[in-house]
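Below: a set of structures, written as structure tokens.
Common to both upcoming complexes is chain A, partnered first by chain B, then by chain C.
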Partner chain A sequence: MQFDFPFIVSAMKEMVKTIPLTLMMAVLPIVFGFLVALGNIIVRIFRIKGLVACSRFYVSFFRSTPAILHIMLIYLGIPPVADQVSSFFHLGWSANEIPVSMFVIMALSLTAGAYLTEIIRSGILAMDTGQVEAAYSIGLTYSQTFRRVILPQALKVSIPNFTNLGIGFLHTTSIAAIVAVPEITGTATIVASDNYAFLEAFIGAAIIYWVLTLILESANGVLERKAARFQGGTL
Partner chain B sequence: MEKAFDMNMIGDFVPTLTAYLPVTLYILTLSLLFGFVLGLFLALPRIYNIPIVNQLAKVYISFFRGTPIMVQLFIVFYGIPALTGLIGIDTSKMDPFYAAVATYALSNAAAAAEIIRAGVGSVDKGQTEAAYSIGLSGSQAFRRIVLPQALVQAFPNMGNMVISSLKDTSLAFSIGVMDMSGRGQTLITSSNHSLEVYIALSIVYYAVAVLFEWFFRVAEKRIKKNQTRIVTVFDMNIH
Partner chain C sequence: MIEIKNIHKQFGIHHVLKGINLTVRKGEVVTIIGPSGSGKTTFLRCLNLLERPDEGIISIHDKVINCRFPSKKEVHWLRKQTAMVFQQYHLFAHKTVIENVMEGLTIARKMRKQDAYAVAENELRKVGLQDKLNAYPSQLSGGQKQRVGIARALAIHPDVLLFDEPTAALDPELVGEVLEVMLEIVKTGATMIVVTHEMEFARRVSDQVVFMDEGVIVEQGTPEEVFRHTKKDRTRQFLRRVSPEYLFEPKEHIKEPVI
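And now, the complex of A and B:
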């Protein structure tokens, strides 16, 4: 079989069209996951009884199992439950109407929530206790201290971790190809089997992912420099 | 047609899947070993800033850290027969197991190189200077003084790498490897109980990962124990 260089470019043209869907599947889980993580952090800080153990298990489970299993569990587990609910309340819709990419976003949101909980928690742990004492000494309440002093600084030191997570999730979306979502890898599989040029198609896909990763990495550099400006050095 | 959810099936599937755990662990061990050695060779030109090789290593690391493991699996799986075809050897019937090991080894090498480099960077420069001052050569100083300390520093990150590599092996079934996930796929075809299979798979993967995490926690404590003792002038028996 002859290696077909021009096909890499024509395959990439097809795959570039799916970048928006791919980015959506990477970004939305991080946004939703962030809310999940904040919930977890609040449970941990206020040591809400019963929920702390749940939160620990949730974070440990989702960090220790492969993302493909999260996608499969949600993709296969939610529809029967949703159909039951639908028929019970006579809502008149079925889970078949939900696009597969929605299940992927749901699953990855839970994955992201677990990783983000750990990232934010380590950001908080990295903070100087003097910050909290200083906040108390000028009369801030606990929730004010958390919102205005702890959280912003914890998020700032977590910027590189957020970027790594973003890149990780960009790569994780490739798993969605297994449940036939036409994102970058999914499209690569389709054009590859249509033209019987597998190697070329996946090299094309690799180039796209690589470029997207490099863009994210340089964006991280800009963001870190911007954030460093708020770190008032000399008085 | 998918059959109704049956809780008891999960209990039946767990032992069937665990029987294939050795294959998963075998892929993991081989790819970590090869990956670590290759990673060391990638890290050295980065650390000593050797021209050209350094840039090549940089591009290699950037590529393997910049692309999904799924895509890497397919590139290696289809790439090996294409490459060996050039010299007239047909490897298209090769067991996908080897392609999977090669992919994970190449990918782990990139991760290991970055971890080793960070570890070496964290060793105080005074250590190298002290080694030189007592007459060690450059390579002796690296092998006997810097590297052992760097590996201790890198140990927690290495642990994380092993666990994330374990999770990555769950994708090897996509090129047809018969590991735990691959066995899961055949169980789905034969039983039509896909949700139960995936729940059983999650249980096994979770158990293995938790075991690894516990092992690395204990090992880290033991390694760091010898390290924390601070030697003062009073301990030195100067006469």
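And now, the complex of A and C:
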């Protein structure tokens, strides 16, 4: 079989159209996951009774199972429940109206939340306890110290890890293809099946992922330099 | 003004403080000297409950705090009456110099930002850092960092200033600039408790010198009493080791007639 160079480009043209959706499925989970992780951290730091065990279970479960499973569980599990709720309250809508990409975003948000909890926790552990004592010594309370001294610095040291996770999630979106969300990899499969030029299509997909990752990395660089301002510009 | 009674602290099997008593009057400068491991830093940290004593009572302004089971409120109250200067500075790395100094005012004391800025700027001028307001701690020398640490403590106008070996981490040349600032504070009549290895400083500015060893106060008195008319052998031994002048004094007297 002949290697079809021009097809790489035409396949990429199709895939480029799916970049917005792909990025949404990578970035939104990080954003929502960040909020989930912050909630977890607050539960742990302030040892809120009852919730600590839940938080531990959540993190343990979602880090111990693959993301593809989370997508399947949400995709298959939520609609029946949503339909029940809808018919119970006579809301008159059905789970079919929810776009599939929403399920993917929900599932990946939960996945990201678990990983981000651990990332932020490690940032907090890296914090120098002397500054905490200094905060106490000038009369700050525990929660003021956490909010004003610990968290900003913990988040700052976590930036490279956030980016790392973001890149990982960009690539994880490829599994959304199994629930027929038209993202980059899924589109590659679809366009290639017309003329069986799978290799060409996947090469095109690889190039797109690579470029997107380079963009994320340079964004990380800018962010790191900004955050490192107070360290004399070096990290 | 401050009365500290029977402070005990144990780390595992190691009995670090074995019943320390100390009374500090308003405006007094108390220096605590002693070998490392004597418990002097632990004692100082007990005074604002960064370290929780196993036993003991701290009374300040007639408010009595049982250190064994202090309530959160009492801990917070005590920390608001005191301020500490640390050996390793412990400045907030993500905040500028002026923000470091303002933090205790705007957050802990709910002062308005403009007022806090004015107070902080004034304190920083006192320690000679008026041109470093917007620098970050990483851009400062050790001596400058410690002066920010002092300004941060001064800004909240505490009833008592606690200094934990403030010059011990500094280059010899930078020690002077920090001691100078501390001398200025002494002149304002502030109440200070200073853990230090600077014997000359202790000798010149203290109202009370406390020599600690192995978790107890071995000797205590005016600088004259402790440095000139030392009573205990352990104190004499310590002073001989840390201050060469003490060692050379007798020789100088012998030499004089020869010259």
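The working rule: the second predicted complex is superposed on the first by the 231 of 235 C-alpha atoms of A that agree within 3 Å, B and C clash if a C-alpha of one lies under 4 Å from a C-alpha of the other, contacts with A are read in each partner's own complex, and residues count from 1 in each chain.
The criterion applied here is as follows: a residue touches a chain if its C-beta (ideal position, glycine included) is under 8 Å from a C-beta of that chain, and two chains touch if they have at least 3 such contacts.
These figures come from a predicted structure and were not determined experimentally.
Using the contact criterion defined above for the overlaid structures, shared-chain residue A:Thr65 touches chain B, although it does not reach chain C. In the superposition on chain A, A:Thr117 makes contact with neither chain B nor chain C.
By the document's definition of touching, of the two partners only chain C reaches A:Gln153; chain B does not. Ranked by how many residues of chain A each touches, chain B and chain C are led by B. By the touch criterion stated above, A:Leu140 is placed in contact with chain C alone, chain B being left untouched. When the two complexes are superposed on chain A, none of the residues of chain A touches both chain B and chain C. If you check the complex, the residues on chain C that touch chain A are 48, 50, 76, 79-80, 82-84, 86, 88, 90-96, 103-104, 107-109, 136-139, 149, 152-153, 156, 162.
Partner chain B is touched in their complex by these residues of chain A: 1, 3, 60-61, 64-69, 72-73, 76-77, 80, 167, 170-175, 177-178, 185, 188, 198-199, 202-203, 205-206, 209-210, 213-214. Only residues 5, 62-63, 65-72, 74-75, 78-79, 82, 85, 163, 167-168, 170-171, 174, 181, 194-195, 198-199, 201-202, 205-206, 209-210, 213 of chain B touch chain A when the two sit together in their complex. Across the interface of their complex, chain C is touched by residues 128, 130-131, 133-141, 144, 148-149, 152-153, 156, 229-232 of chain A.
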